[in-house]
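In order of appearance the chains are A, B, C and D, and numbering begins at 1 in each one.
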């Protein structure tokens, strides 16, 4: 997969209030995490022990939705509003933490949970790094 | 439009940690705000003075995405995680405030901005009320 | 819930190639169906017999996503492209049919599936009526 | 960006009715196209000649939404329904074609439209290839 995130950021015709490289890395982490969570929810649904994975499925769905929305907001620079980015990054880091914890608790039993937990951890860190760079 | 939000909440088979009536009202406000913002962004795009409305369009798009995601998260009760709901409601109230302010500044010139600003105000209030009831 | 769909459509500053009343009714049906499917997926997750509802949960998630996207596309009128609306409405009617059938098969056991099936049927019909009016 | 799409597909615990490599390539093309369209809509909003780009912005928004939803549907395999995948892929290929044509017409003036057009073309082709492999 060749990401179009950095090439597209490079063509934005006005200034951007954040470091473009860090921003692109965060957007890519969000997109990868959203996809991993969508796939993990579905893989959990097909496990024989699905009844023990319902919290994992639900948290995956939340995390997928929140990461996708955060990636979109961070991909927009026109009329930038730091308050929206900041509070949303905070909520997204929280969702990634919760989902990473939940998936990690099933990582030994299910490889999809192990990969998804890693993706959530990486995304949480990227969100927190970007947040730190904003203040 | 007959909302299915309250009837569906009533059929949830387990307990819900929030007042169902307040929850349904918030979800409905989020859905209405998301739709108003999507429509307002498009109406702004078709105004002759679109160049003066670019911040409004962008904020509308953010608010539409964040409200839609918040409505989904609040519509899930399995494996409830108060931390996700709380931080997301905080981000959503912020997006509604920013979008409400921006739309309000065009309310005299554009009826779609006036209606959208009202929808954002109502949604911001619903988010804050629900947040207050959670602590 | 007071829908903002028709009031917002009334403020669109250019002409719209479709009957505004029918369009608003379809958008409202899509929004209601998307919400019902999101809630039904979560209610199914909390049923003791979740292992027998995995196809229902998955179809609910597809239908929720497709209805939400179709509502957004139909809420935009700038640079209207009938080909996009037509093929998407066709896909959406199909998703509503599949989800309506699946939910209907659980309607006697689960009230959330019964309500959701009704919402899917109404949405499928609205999509087909709008499609018919476009040709 | 390290895509998690193929690793996650490899962990799905049941059989999948489609070639996993082709499926992963399509999902990745959809995700990349959705991101390119979101960024292109915003870059267009910040161009001085935004009034001439309103159809491009609108088509970008449609294509971003439809590609994101199609990526999600293709990432689910539980309770697979070929009718949903088929009609949605058809709608998605159409949206990519429309958006690719629109962006291509601005490619000489705007580098973001050139990159986005390429992403739309690649995604349209991936959707059509997957569709062809399904029949």
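The working rule: contacts are C-beta pairs under 8 Å (C-beta built on N, C-alpha and C of every residue); 3 or more make two chains touch, one makes a residue touch a chain.
What you are looking at is a predicted structure, and each value in this text was computed from that prediction instead of being measured.
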Legend entry - Farthest-lying chain, centroid of Cα atoms versus that of subunit B: D
Legend entry - Pair joined by the larger number of C-beta contacts - A-D, A-B: A-D
Inset, instruction - Averaged over CA atoms, how far is the centre of subunit B from the centre of subunit D? Could you give it in whole Å? - result: 27
Legend entry - Chain centre separation in whole Å, for subunit B relative to subunit A (CA means): 21
Inset, instruction - Note the residues in subunit D that touch 2 or more other chains, in rising order. - result: 42, 45-46, 54, 57-58, 61, 68, 72, 76, 78
Inset, instruction - Spell out the part of subunit A that touches subunit B in their complex, as residue ranges. - result: 54-59, 61-62, 65-66, 68-69, 72-73, 76, 78-79, 81, 83-84, 87-88, 90-91, 94-95, 98, 102
Legend entry - subunit A-touching residues of subunit C, taken from the complex the two chains share: 41-42, 45-46, 48, 50-51, 54, 57-58, 61
Legend entry - List of subunit D residues in touch with subunit A within their complex: 1-5, 7-9, 11-14, 27-28, 31-33, 35-36, 38-40, 42-43, 45-47, 64, 68, 71-72, 75-78, 110-112, 115-116, 119
